[in-house]
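Next, two complexes with subunit A in common: one pairs it with subunit B, the other with subunit C.
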Partner chain A sequence: MLSFIAQRVLKGVIVLLAIVVLNFVLIRLAPGDPAVVMAGEAGASDQVFVKQLREKFGLDKPLPEQLFIYVKGIVTLDLGFSFRQQAPVSKLILERLPATLLLTLTAFAISLTLGILFGTCAARFAGTWLDTAVTIFALIFYAMPLFWVALMGILLFSVTVDWLPSFGYETVGGNYTGFARVIDVAKHLIMPAMTLGLFFMATYTRMTRASMLEVKRLDFVKTARAKGLSDAVIQRRHVLRNALLPVVTLAGVHSGTLIGGAVITETVFAWPGIGRLMYDALLQRDYNLLLGVFVICSAMVLIFNLITDLVYRLVDPRIEFAS
Partner chain B sequence: MTALAVVSIRNLKIALPKGAERPFAVDGVSLDLKPGKIVCVVGESGSGKSMCAHALMGLLPDTVSVTSGEIQFEGRDLLKLDDDAWRDLRGRRLAMIFQEPMTALNPLMRIGDQMTEMFEAHGLLTPKERRAKALALAREVGLPDPERIVRAYPHQLSGGQRQRAMIAMALALEPAVLVADEPTTALDVTTQAQILKLIRNLQRNRNMAVMFITHDFGVVADIADQVVVLRHGKVVEEGPAAVVFNEPQHDYTKALLAAVPSMDPPARSPLDDQARAVEVIGLDKTYVTSGGWFREDRRVEAARAVNFTILKGETLGLVGESGSGKSSVARLVMRLVEADRGTVRIGETDLTSLSGKALRAERHRIQMIFQDPFASLNPRRKIGHIIADGPIAAGTAPKVAFDRARDLLKMVGLDAGALERYPHEFSGGQRQRIGIARALALEPEIIVADEAVSALDVSVQAQVLRLLEDLKARLGLSMLFITHDLRVAAQICDRIAVMQRGAIVELKPTAQLFAAPEHAYTRELLAAVPGRKERVPAA
Partner chain C sequence: MPKRVLLGLLLACGLTASALAQEPKTGGVINAVIQPEPPGLMLAMIQNGPTQMVSGNIFEGLLRYGPKLEPQPELAESWSVSEDAKTYTFRLRKGVTWHDGKPFTSADVLFSVEMLKQTHARARNNLGQVDKVEAPDDTTVVFTLKQPFGPFLGIFEVGSMPMVPKHLYEGTDWKTNPYNNAPVGTGPFMFKEWQKGSFIRLVRNPNYYEKGKPHLDEIYWQIIPDAAARSVAFETGKVDVLPGGSVENFDVPRLSKLKDTCVTGAGWEFFSPLAWLWLNNRQGPLADKRVRQAILYAIDRDFAKDVIWNGLGKVATGPSASTIRFYTDDVPKYPYDPAKAKALLKEAGYKGEKIRLLPLAYGETWQRWGEAVKQNLQDVGMNIETIATDVAGGNQKIGDWDYDIAFTYLYQYGDPALGVGRNYVSSAIAKGQVFNNVEGYSNPEIDKLFADGAVATPDAKRKEIYEKAQKILVEDVPVAWMLELQFPTITHCKVKNLITTAIGVNDGFKDAWLDK
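Showing the complex of A and B:
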C-alpha cells in the first residue's frame, strides 16, 4: 500500500510539472504584456520604466529561461511574486485556501450524505410516490445553473425572510471569537455550501438510485435472501455497499469539478476563497497569481484523485494496490 | 419409496407476465422430496425447472405469480406464509445453492463473514461461536487452508472453492431441504465431479432431501435417486433414475437421452492422404501483467511449444479445463493475438510472417464461431448486415453479398426473412446458426469453433453439431473445435489434442484417445465426465 502511494505521488508530481509547463506556455501565448499594462496603470508608459519593470520581474529573459526559473521556483515551493498585489503568490493563496477548502469540503459532505440518503430512499421505494418525488427533486437541481440557484437562495433566505447573511465569510466588524465565531461562519457557510452541493447531490441521488436498483437484481442478493436475512440487513450490507462503488468513482471525478464550481459560488457570495482570487487575477492579468492558483487547483485535483483511489481500494477488495 | 415426503409440491401453477411466450412458466407440477434422496429436475432452458426451485424457496421474481397449487413442508403450506415466516424458514430449514458461485457471493465481503451471516440471520450463537463454526464448515466441505479461506474474498478463490463455500453456507444450519440450481454447470469437468461427490456425501450424512436442477443427463446419471423431466412447465415423465434412464416412456425423454452425446466416438474414415490445411509449429505465448514499479510481473503461459496440423476436411478437437490455453491457441492461430514465437501456416501461406494489407487479404481463409451466441452478434445491426459486412469489406458488391447472405441463411436452416431482423428476435440455437452463416460468408477454408455449442441445450446442441458436420463435408472445410466437453469432442472430432497449462499433453485420433488414454491428465479428464457409467445401477 505504501509503495502504491509512493508510486502515485511520484506520478502525480510528474503530471503536475507537465501542467505547470503547459499553463505557463499557454498564458505567455496570450497577447499582452503585464509590464506594459502595469506601467500604463501607473501612468508612466515610457519605454525606460517598462524596461525596468521587465528586468525587475525577469520578463526580459528568453521564454525557456523564464520557464526554467519558474519551474525551479515551483520545485522549491516558491510560486513567484504577484506584480499586482505586491505580495508572494504563495502567501496570497495560503490566506484564501482554508476558506475554499471549508466551502468545497462542506459542499462535498452535504452532497454525498444527502445524495446517498435520497438515492437509497428512492431505490427502496422504487415506483412509489416517494421515488417520483425524489427523482423530480433531483432532476430540478441537476438542471438548474449554479449561479441562478445562488441568486434565488439570496433572494429567498437573505432578502425575503432574512435568516442568513447574503455574502462574505463572517460578519464584518462582528469581531466574534470562540464558539460565537464558529456559529457566525457556519451561518455564512450554509448558503454557498448548499448551492454548490445541490447540483452534486442531485447526481449522487440519481446514481445511487440507479446503482441500487441494478445491484438488487444480482445473484448475491438472492443468496442473502436465501439465508433468511432481514430486508434491512440485505439493503444495507449487500445492496448499498455494492451500489456505492460507482458513486465513489463519480465523487472522485467531481472532487476536481467542485473547485471549478467554487469559482462561481465564491463570486456570487463574495466568499474570500481562491475561486474569487482566480477570478480577480484573471481580470487583472496577474499571470503569476493565476498560474499559482492553477498549480494549487491541479495539485488539489491530484490529491483528491489519490484519496478516491485509496478509498476505492478500501471499499472494493477486488482492486489490488499494485495495479 | 417408504419414507414420508418432507416436501410435497402439488399442482403448482406459476403464471408468466402477459405477452410471454406461454401463459404458465410452471403448469401443474407435482413432486415429492424425501429425506436422504436426491430428486433431479431435468429440462431444457425455459422448461420451468428453475421456477420450481425458486418457488420452493419463496424467491420467485416479482414479475411472476403463483396462481394455484400448494407446497407442503413440515405441516404448512409454504405458499400461504407471510414474509417473516418465510425468512425464518429460509436458510434454517430450506437452503439453496446457485449456478454461478462467483456472482452468488457478495464480492465485497469475506467468505467467513458471509458464512457467519447465516447464524446471524437467525440470531444463533455468539459472534465467536459463529466464527468457529464457519471454520468447521469450511473444513467439512473440504476447503484447503480454512483459516486463510474464511478471511479471503470471493475473487481470491477458484470456481470450485467458491462453490464449496456456497455449499458450506447452505449447510450451516443443517437444513432439511437443499435446493441446488445447476450448481455444477459453471464448473470444469473435474471440479464438477468433486462437487457432485461432495453434495452426494453431505446429503447422505445429513439425511437431507435435495432438489437438484440440471440440464445435463450425465449429471443426472451420477447423482439422482428420482428423476422428474419437465417440458414447457409440465412434468412429462418421472420415476426412479434407473427406470427413467433404462426404460424412458415419454418421447421427449427418449429424445433428450438420445441427444446426449455419448462417449463412444463414431467410426471415421481416415484422412491421411489429404493435404495440410493448417500447420502450427512451436507456438509460444506468455501473458505478462505488469506489476508496476514496485512489484513483480505476473506471468501466465497460455501456450507452450504448441504443435499440430489439421488436414483438409479434418476436425481437430482442442480439449482442456478453463485456463488451459485452448482459447488462447485459437486466437493465436487466427492471429487475433500475436505469438511470442512460432509459425502458423494456412495451406502454404505463412500467416505469422504477414502484416497489414497482406494479412487482411488472407484473414478470410480462417474464420471463427464464438461461444456466446448472445454476445457475439452486434445487437444493433440487422442479421443481413452482420453476415454481409465481412464480404462487403473485402470488396464484394453489396447486392451480391446480401444475395449470398440469403443463401447462407438457407444453408444453416433459417428463413431468408431473417435478413431484416435483429439478433434479439432469435433463440440461442438460431443465433448460433447465424454465427455460423457469418463465419461462412467469407468462404473460409478453416473454421475455428470456440466452445460453439457449449451454451446450447442438448437437443439444440445436437442439431448444431449435425449442421457443422454437414457443412464441413459439403464445403470441404477443416475445423479447429474447442470444447471443454469430451462427449461433444467424441462426436465431432477426427483427432483430439488435450491441453493442460498451455501445453498439448496428448494428441491422438479420437477413438484411440478414448480407448487408451496415455497421459495422466487425459485419464483424469475422462474419469470426471459425468454419467460415464451411462446407466445408473438400480439404487
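Showing the complex of A and C:
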C-alpha cells in the first residue's frame, strides 16, 4: 500500500508541474495586462508608470524566462509575489485556505451523507410516493443554478425570516470566543455549505438510487434473501456496499468541481476563501496569485483522488492496489 | 403684541431644539461596505478607489476641498500665493502627531513629495511644474514652480497627495516596508485590524488635532463581493453605508424607498465622473467627423439617463463635467435626432461597414447601456458588432487601439488641466496605455489651448481658453460624451454629516456621527 501511495504521489507531482506550465501559458494567452489594470486603478496610465510596474514585477522579461523563474520558484515551494496585493502569494492563500476547506468539506460531507441517505430511501421504496418525491427534489436541485439557489436562500432565510446571516464568516465586531464562536461560524456556514452541497447531493441521490436498484437485481442478493437474511442487512451489507463504488468514483471526480463551485458560493456569501481570491486575481490579471491558487486547487484535487482510490479499497476489499 | 412675543419664544425654542437635535453625538460604530477589497492601504503606493476610501481616514493631505472645490485647511492651516503665481507657501498646523506619537513636520511633507514622485503616477504629473520644495522651518513648506500652474492649489487632497511618515519610510524598501500592512497616518482613525476577505477595522484616534473629532469610536469596512448581497446587508441593517457604486443602479430606487434610508449624490464634485464612448478617430468610418457627429445625434442619452441610470446623472454637453472649473454649456448641441444622424451618415458615404462596440464590463447597468447604444446606432443604419470582454481584456484592446467604439468613464479631478486635457492632446497619444488620448484625436489648436490653459493667469484668462477648447472639441466630436454620472451614497438616516467635502466618503469619516 505504501509503495502504491508513493507511486501516486510521484505521478501527482509530475502532473502538478505539467498543470503549472499549462496554466502559465494559458493565462498569458488571455488578453489583459496586469500593469495596465493597476495603472488604471491608480487613475493614471502614463508610459513611465506602466513601464515601472512591468519592470517591478518582471513582466518585461521574455516569456520563457518568466516561466523558468516561476517553475524554479514552485520547485522550491515559492509561489511568488502578488502584483496587486503586494504580498507573498503563499501568505495570501494560507490566510484564505482554512475558510475554503471548511466550506468545501462541510458541503462535501452534507452532500455525500444526505445524497446516500436519500438515494437509499428512494431505492428501498422504489415506485412509491417517497421515491417520486426524492427523485423530483433531486432533479430540481440538480437543475437549479448555484447563484440562484444562493440568492433565494438569502431572501428566505436572511431577509424574510431572519434566521441566518446573509454574508461573512462570522459576526463582524462580535468578538466571540470558544464555543460561542463555533456556533457563530456554524450559523454563517449553513447557507453557503447547503447551497454548494445541494447540487452534489442531488447527483449522489440519483446515482445511489440507480446503482442500488441495479445491484438489487443481481444474483448474490437473491442468494442472500434465500439464506434468510433480513432486508435491512441485505440492503446495508450487500446492496449499499456494492452500489457505493460508482458514488465514490463520482465524489472523487467532483472534488475539482466542488472547488469551482466555491468560487460562486464564496462570492455571493462573502465567504473569505480562495475561490474569491481566485476570482479577483483573474479579473485583475494577478498572474502569480492566480497560478498559486491553481497550484493549490490542483494539489487538492490530486489528494482527493488519491483518497478516493484508498476508499475504493475499503469499500470493496476485492480491489487490489497495483504496485 | 403678546402673540408676537409668544411666537418669537416658540420660534426661539424651536430653533434651539433644532440646533440641539443637530449637536453631534459621540461614540458608536459605523459599518460601511468596501468593494472590491483593497489590495493594500498604503495610499502613497496604491491609489485605487477602495484604498482611497478606507485610507482617507488614516492619512491626510495638506488641504481638503469644499463642494464648490474651494480649498479648506487640513494639515495646512493656511496658505498664500505670490503675486507672480509661482510661489505657494503653506503653514502647517502645530501639534499634529502621527498615530505612533511622533510629530508631523515640514520634513514629512518634503519626504512625501519625493516619495510620491516615484510611487504615485498622478502626483508625479501634478508635481511636474514644481521647481523646488523647501522647508524654512518645521511648520512652513514653500513650493516654487517653474511657471504658473493654474490648478496647483487643487492637487493637495488626501488621494492626490497623502502625507507619509518620514521616520517610518526613509531609508527603507518602500515595497516591503512593514507599515504598508499597518499604515500610520495623522488621520482621525487608526488602523486596527484587517481580516482578509472579511473586514477592515479602524478605531478612533484619541490624539486627533481637531478637538472633539472624530465622533465615532470605530469603523468596520465590510467586504461583500456580490452586489445583491450588499443590498441585502443594507436592508437587514448589517451595514449602514453603501458608498456610491456599491449596488447595481436598478437597486437604488428600491433601496431609497426603504424606511430610515437617506440618499445623497454629493461628494463627487472633485472626481466628476464623466462617461463617454471612445471613438477610434484613426481608421474606418469613424475617421470622418460627420460619422462621429452622427453617432452623437443617434444616441438617446436622455433614455439612458432616465431608464438605464434610473434618472441619476446628467446628459453631458462636452468634454468637461458641469461640476468642474471653467465648464461652459455654450457649445454646439447634439439632441437625439435619428433623422439628422442618417443624413450625416449618408453625406459621409457610410456604406454599412462593420463597427465593433466594446461595452464596459462593470456590471449589469453597463451591459444594458451597451445594448441600448447598439440599438440606437443600428436604428440609423450602422452595422454594430458587440465584442464581449472582461475589464482587463477590454483595457488591452483599447490601449492597443483595437476597437471602433468603446465605453469608458473617467474622473476629471476638478480642473481641465488635471483631468480633461489628457484625453485630447496629441502628446497623450501612446499605444499600450489606456485613459489617455486613445481615440487618436490630433489638433494643434487644441494642443496649444490646453498647454496655455494650464499655465495662464489669472483665472479669467484660463476660463477664456478652456471655453474655446470646449467649443472646438464639441464641434469635432473626438469622443461621444454620454452622461455626467452620479453614484449616490446610501445610508441609514442615523448616520449624520457623512459627506462634507468634494471627495465625499474618500475624505474620511471625521465629521460623521451617529444619531443613536
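Here is the rule we use: the second predicted complex is superposed on the first by the 303 of 323 C-alpha atoms of A that agree within 3 Å, B and C clash if a C-alpha of one lies under 4 Å from a C-alpha of the other, contacts with A are read in each partner's own complex, and residues count from 1 in each chain.
By our rule, contacts are C-beta pairs under 8 Å (C-beta built on N, C-alpha and C of every residue); 3 or more make two chains touch, one makes a residue touch a chain.
Remember, it's a predicted structure, so these values are computed and weren't measured experimentally.
Trainee: Quick one: is A:Val315 in contact with subunit B, with subunit C, with both, or with neither? Answer first, second, both or neither.
Mentor: first
Trainee: Just checking: does A:Phe167 make contact with subunit B only, subunit C only, both, or neither of them? Give me first, second, both or neither.
Mentor: second
Trainee: Of subunit B and subunit C, which one touches more residues of subunit A?
Mentor: C
Trainee: One more residue to check, A:Arg28. First (subunit B), second (subunit C), both or neither?
Mentor: After superposition on chain A, A:Arg28 lies in contact with neither partner.
Trainee: For A:Ser230, select first, second, both or neither according to whether it touches subunit B, subunit C, the two together, or no partner.
Mentor: First partner only.
Trainee: Where does A:Leu277 make contact in the superposed view: on subunit B (first), on subunit C (second), on both, or on neither?
Mentor: second
Trainee: Which residues would you name on subunit A as touching subunit B in one complex and subunit C in the other?
Mentor: none
Trainee: Give every residue of subunit A touching subunit C within the complex, in rising order.
Mentor: 30-34, 36-50, 56, 82, 84-87, 92, 95-96, 99, 151, 154-155, 158-159, 162, 165-170, 172-173, 266-273, 276-277, 279-280, 283-285
Trainee: Could you please specify the touching residues of subunit C with respect to subunit A in the complex?
Mentor: 29, 31, 36-37, 39-40, 45-49, 120-122, 124-125, 175, 180-181, 195-199, 201, 218, 220, 222-226, 228-229, 232-233, 235-236, 238, 389-393, 395-397, 399, 411, 430, 432-436
Trainee: For a test of understanding, state which residues of subunit B touch subunit A in their complex under the given definition.
Mentor: That would be residues 57, 59, 87-92, 95-96, 98, 100, 103-109, 117-118, 120-122, 153, 155, 166, 169-170, 291-295 of subunit B.
Trainee: Which of the residues in subunit A end up touching subunit B in this complex?
Mentor: Residue positions touching the partner: 3-4, 6-7, 218-220, 222-230, 233, 237-238, 241-242, 315-318, 322-323.
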